[in-house]
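First up is the structure itself, then whatever we jot down about it.
For reference, chains read A, B, C and D in written order, and residue numbers begin at 1 within each chain.
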Amino acid sequence: MTNYLDALSVLLLVSAFILMGNKRIGSYIKTFQFQSALVALLTGIIGISSFAQDGRIDVLIICAVVIGIKVLFIPYLLKKTYAKVAYRVEKDFFLNIPILVLICCLMVVFSYFSFAETMGINTGTINNQIVNSFSVILIGLLFMISRKKAIGQIVGFLVIENGIFVTALFATHGMPFIVDMGILMDILVAVIIMGIMVFRIDEKFGSINVDNIKDLRG
Amino acid sequence: MGYVLLTVPLLAVVLFIVLKKKHLQHVISVAASVTMTIAAGFLTWAVLKGGFIEYSAWGGFFRVDALSVIVIDIVVIISLMTSIFSVGYLENEIKHEKLTTDRMRIYYVLMHAFIFTMLLALTVKNIGIMWVAIEATTLASAFLVGFYNGKEAIEAAWKYIMICSVGIAIALLGIIFLQFSSLAVLDSSQFLDWTAMIDHATELQGPTLRLAFIFILVGFGTKAGLAPMHTWLPDAHSQAPSPISTLMSGVLLNGSMYGIIRIVAIVNRSFGNSMFVGRILIAVGILSVVTAAVFIFSQKDYKRLLAYSSIEHMGIIAIAIGFFTPVSLFGGLLHMINHSFTKSMLFLSTGNILQKYNTREISKISGLFKMLPVTGVVFLLGLFAIGGTPPFSVFASEIVVISAIFQEKNFLVGGLLILLLAIIFTGIVVTLFKLFYGTDIPKETPPGELNIPGVIVIVLLLGIITVMGLYIPNELRILIDQAVEIVIGG
Amino acid sequence: MLLVLKNIGEQNNLFLAAVMLYLIAAVFALALMKHHKLCNLVTNTICMAAALIGIAAAILRISTDTILTPVTIFESRITFLFLEIKIDQLSAFFVLCLSVLVLCVSIYSIGYNSHYYQKRNVGFFNFLYASFIMSMLMVIISGNAIFFYLSWEAMSLISYFLVIFESEHEENRRAGRLYIIMTHLGTAFLLIGFMIMFAYTQSFDMFGSSELIPEMAKNLMFICFLIGFGTKAGVIPLHIWLPYAHPAAPSNVSALMSGFMIKTAIYGLIRFVLCYLQVQQVWWGAVILCIGIVSAVLGVAYAIMEHNIKRLLAFHSVENIGIILIGLGVSFIAAAQNNDFLSGLALVAALLHTFNHALFKGGLFLGAGSLQYATHTKDIEKLGGLIHKMPVTAVMVLCFSLAISAIVPFNGFISEWLTYQALFLNINMGMAGQNILSILSIAALALSGALAAACFVKLFGISFLGLPRSDDAAQAKEVPLAMNIGMGILAALCLIIGVFPAVFVKLADQVAGSILGASVVETLQSGFMSATVPLAVSENSIAPAEILAALAVVILMVLLTLRLCFGKLKARKYGTWDCGFESINARMQYTATGFSKPIRIVLSILYRPGRKVVIEKGESDYFPKSVKYQVWTEPIFEKYLYNPVIRVLKSGSEKMICLVQTGSVHVYLLYIFISILALMFYNRVV
Amino acid sequence: MSDMILYFIVQTGFVILAAPLVNGIIKKIKALSQKRTGAPVLQMYYDLFKLFKKTSVVSDVSSWIFRVTPYIVFATAVAAAMIVPVTTLIKPVWNTGDVILLVYILALGRFFMMLAALDTGSTFGGMGASREAMISALIEPSILVSLITVGLIAKSTAVFPIMTFMQTVQNPLIHPVYLMIFCALLIVIIAETSRIPVDDPSTHLELTMVHEAMLLEYSGRSLALMELAAAIKQLVFITLLVNLFLPHDQLIGIHGIAAIGISLLIYLAKVFIAALLIGIVEVNTVKLRLFSIPNLAALSFILSFIGFLQFFAFGG
């Protein structure tokens, strides 16, 4: 089973790279959907295994919720939002793509560097998985930093969340049920609020380019 | 009693949504806060007697001990003050058509939701749920920050929610590592239960624990406004309505600090010393104080200035925790209390000033003593207090913290801190003292206080901080000592 | 009866009673806010009572030398915050100094404050006044470093409010800001000093021993104390707040500030450096000596250029602090060389001068207050001829002027003479640096004395003599009786100390003896220095009383002989000679600016004077409509030391803020990102 | 006791009576060196006598200060005379003599003189006072430094012990310390007694006068007192100079009244020499600009300071 997990974690990482390589907001959302699907798959596998071991179904429930929220609802919400706001095609990133991808590679290296020696993590096989998922988190953060548009940042945030969720799965095979549910709820609400914010920004500033709003300085 | 504490704000939220009459809403808000205060009083009393309270229901998620009760008391008292203040404040806003009645409803709903989430975070013993609650505070307050819907308000709100969500996410990562470090020790029923973790601290996996601490520090530090994660704080505090700024600096920051303290307790217990944690915390703390010291000098907006001063004091608390001696922790907790009261007083006063002058720019304001006799005096004394002048309470706790630092013979940090504090005081004097004097007062607005309940509240707070500068009641002393014992361990 | 009093005195109750009385006075002031006259009367009466109690307690305390056990006022449950008082003879001496001054100033205030009635909030003013005195008293009697620090800060805070009491003038506000900033910065250094002390001894007991503290730390502490107390004392170059703050405050308050508040710094230096640290190094004393020299000379040099009477007096405070520091410096040097006798002698000189300065400087500020009260101006160029309008005030101001110029037979001379003697003794073979320093201080003392005389000739001559230079001066009336009584007591004390110094020298000697173990006076009586110098530093070496008698005798004999030989004096009143011009008028008189011109030119290197002449042409060049002559001097310390620092700070902060707080959310996220990476890196490498 | 009375009589009487003579001598010497016969040596006595009888005119602007000043100035001068003994053979029981006191008691007189000058509201008075203030401030340090240096050698600041000590020094003026101090004090005396090159007592030109400007408003008895006081002060300083640096009492073998008489005669001779010296200086120099007086004062201070250093170099 672990090799499944390894494969999935690598796929996640790849999806993160793809995301970083994207240029259009539409494709951000698609890539994110794909990544969430991978996360759901991962959850499903772990859920089945845990069900097979000791009839716990909570992970499965969580898997269902993940599919509901992350794979279906949030992308739908984002699509709607970005359809509503006026959107002009323009350069959406500070550094150009190749450099960003290069930096992402460095991030992966860095997370290897920082986890390789860490006692307790490199015991057993979870090492790679943690490293990958942690790299996903870093890449997500980098994505937020590198993208000018509001929606891009939301997507980046969601990628971070994915990464963390996956890390949780790899590291601990699921947090306590209520905690997981709470986390998912929080993400849902957060995204809704951010969506509303995007509307407000659009109506106040005439674009969703976050780089333009720098009135509050000093 | 604990359930009352949690249910009352929820109930209030529901009532706000149901009942639409304006005056009723004021009544509900104040009544709810009063009930909470009473409940908190009972809790405190129980804790003083029994050491801690734990309810078995729902997997016994509810647990309150001295440490959390201190913060809870801060929260409820300040929310009481705020809700009393809000009555007059909102009335004025409505009078000047800055606000409609149903916007006011939203305000109250969000405010009490915020208080609820904060209390939840303080009363649970599962760190995961605590995390959920703290994230929820961000969500609840996001719209409050952007409440006035102006360009700048929206900007502030966006930065607030973005930065805090990311930060909090990092904290979640830390919590995952925390659980990971305890996998081998605890069974699934007590995962993330910090009581259990404290008990088995020594058996946890050290390296993972260190990672966990790093991430949690970054995460909760973001919400606690520690440099360099503080960046959202000045914007949010300056843009939010003054009562909300009060809640944020008096409640939110302490809540996050509470989270950090819990984790630090576990980590240090596990390592048996405070080397690793201490160094990081002290560095971050000093960095925060430096940031404040540098930025206060060239502030043009008095609410931003107060926000920076909040950063400074959070930094001091962080340093106090970093040294992790009984004295320093006592000082840190005392400082937490004193700072929240003083800062709330100041932010509430800015509410009055803002409503009088309709500007946040220092250069546009003068003759405060003439325009707002009471608020002016309170604000000036408050500035002295926050600058660490006796006989106000911030002075006392700062002295304790500094002495604790020197007790460890850490002259560099101590001397630096003292000088930085002096510089910050200078900055406050240079920038803010222009407000008070001068005779060229705006014609269109006649002198006189607008917000009578608000004035009563700030005077009350002034009394509290003045007394606490020279004397604290025995109960409080015992409570803080208990809390210190909890953190350091018997 | 006396025994009972003694017991009370030993129980500290008298001191506590004084504190309480001041507190009560403050409360009454607030309570009676509505009725100005009553409020003023009650508050000041209570203050007087408190002052009398203080005097009694202090004298009892000085006469009985047993260290009192500390008394806790009340239990604050905050760690390290012990509100306890402890009084030894040193504290008692300063309490005496304070109480005497307060007594006179309070009497004075009864009359002086009357010009605030119905104009200002007299209740609030008296509240501040009483609590200010209380805070100063607590500074002196505080029993541990933290309580000392607390009272010290409270003192600064309250005095700030007094400085800005007349806040409608921008310059007063500026003065207040400058004052609070400087004093707070200074206090920060004090705190560092206290904390170093705490770090090694684990206690804030400033009466304890400092053996546990290593040498290096002691030096550090000394520097901190020097900066901290120096700021409050207003030594050059930390003096810039002083000439602004003292004029800004109401005159009775400036009398207290200049008369006593800056002396708390002297108390601090003696208490912490001499008593606690027990001077370790000779260079400590040398540094203080140098600072003293500079302050003494520059202070008076700047004073001469001032025509605002209160600024002038403020600069003289700098000078006198310098003289006190010269005494202290010698005392420290001697202490470091274990020369107890010389150390005691110098300390006596310093203490006595502290006391004297409190008397005459307090009196002078009160006099300035009277002038302002009568003429509503602080500018002496607008005064003149007041000796005819305000004869009593004139006499007293003359007394104070003679006293501060260290002229026989007034008290200023006594303490300066002792200082001279100390310096004289401080010169001995084989210590070149020390000797040259001492002879330079002698020169500095002489110079400052002469310049002070010049300055006060100017002050008295221009403002009281000649013809009135403005209508205000012409219409001036003698001030109320209370004010004159207040000043009268001070003037009388100045003369008494000047004529019968022995008593007060003994008083100061008791204190010095209690600190250094070696009493001076005994050795003096027994012609101690017959080995070194055949002089006895007591009333039988210079005998002011006899000198006064001699002067009187001579004058009488002259009168007598002239009367007998040449008949009675025939005098005819006539106008001043006006070179045949029709009549001399006020515009023809010498002005203060003119009077100080020679010195301005001689010391122009120091003043960097500038001048502007604006001539408005009339129909003929020989009859211009108006000629305006303006002259100013440059405040070098502000211009070349402080302003640059402030500018750098401000611009630096603005640069930083634009660099860091850019307003772009991406940058903010980047900070989080970087801090994560950094922390993980740290975690990896540690 | 008798000693004490004798001391009083000799000091006060002798100095008061001899003081005008010195002025006369100096004037005469100047006159002679300018090929004039000049006024008789006793001229000043006549002047004083006349002035004492004259009615004095008092400005109506002035106050009591103007009237008391002459007496105070005179009294301080006499007090100074009592401090500086003309001969060391009479031991004063009354040991108040102290160089510091000497300086500060003269300061009292000067203080009132300057006040009186300002009192009449006349421009000359103010001018004189301000110049006097400057000059006194400039020379005060060098007086004290030089006197205290001598005091250091004598291990005392009191004048009488110093003088008695000086008796034991074999002709001091070849000793570098004393030489320096002597020159310094000479300049000081010229300044203090307001003589050329610092001030010109014989002119009433407002550009130049300092001391006279302050006396301008005085007349009759007051003027006489002022003049006499000035003369006394001058003699006191001369006494200080000659008795310190040309000690003679050690030459007299015998004791008692006769010895005192001899010593006084020698003393007079020395005063005459000093007057001669001053007269020659006056004739051969011109009055300095007011603002080059500081250089002179600086010179005097430097001399005294060098003297001080010499004292340590030569080990006293």
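FYI, a contact is a pair of C-beta atoms (placed from the backbone, for glycine too) under 8 Å apart; a residue touches a chain by one contact, two chains touch by 3 or more.
Nothing here was measured: the structure is a model prediction, and the numbers come from that model.
Between the contact lists of chain A and chain C, the overlap consists of B.
Averaged Cα coordinates give chain B a centre that lies 45 Å from the centre of chain C. Averaging C-alpha coordinates per chain places the centre of chain A 31 Å away from that of chain B. Chain C and chain D have Cα centroids lying 36 Å from one another. Look at where the CA atoms of chain B average out and do the same for chain D: the two points lie 79 Å apart. In chain B, the residues that reach two or more other chains under the touch definition are 158-159, 162, 166, 211, 234, 295, 298.
With touch defined as above, residues shared between interfaces to two or more other chains in chain C number as follows: 657, 661, 665, 669, 672, 676, 680, 683. Taken residue by residue, chain D touches two or more other chains at no position, since every residue touches fewer.
Pairwise, the chains that make contact are A-B, A-C, B-C, C-D. Interface of chain D with chain C (complex): residues 12, 52-53, 55-63, 65, 67, 71-72, 74-76, 78-79, 82, 94-96, 98, 100-101, 103-105, 107-108, 110-111, 114-115, 117-123, 125-127, 129-131, 133-134, 136-138, 140-145, 148-149, 151-152, 155-158, 161, 216-217, 220-221, 225, 290-291, 294, 301, 305, 308-309, 312, 315-316.
By the touch criterion stated above, chain A contacts chain C in their complex at residues 94, 110, 113-114, 117, 138, 141-142, 144-146, 148, 153, 210-211, 214-218. Of all residues in chain B, only 126, 128-129, 131-132, 135-136, 138-139, 142-143, 146, 149, 151-152, 154-159, 161-162, 165-166, 169, 172-173, 176-177, 179-181, 183, 188, 191-192, 205-208, 211, 234-235, 238-239, 295, 298-300, 304 touch chain A in the complex they form. Residues of chain B that touch chain C in their complex: 158-159, 162-163, 166-167, 170, 210-211, 214-215, 217-218, 222, 228-229, 231-232, 234, 276, 280, 291, 294-295, 297-298, 327, 330-331, 334, 369, 384, 387, 389-391, 395-397, 399-400, 402-403, 405-407, 409, 411, 414-415, 418-419, 421-422, 425-426, 429-430, 433, 437, 439, 470-474, 476-477. For chain C in complex with chain A, the touching residues are 657-658, 661-666, 669-670, 672-673, 676-677, 680-681, 683-684.
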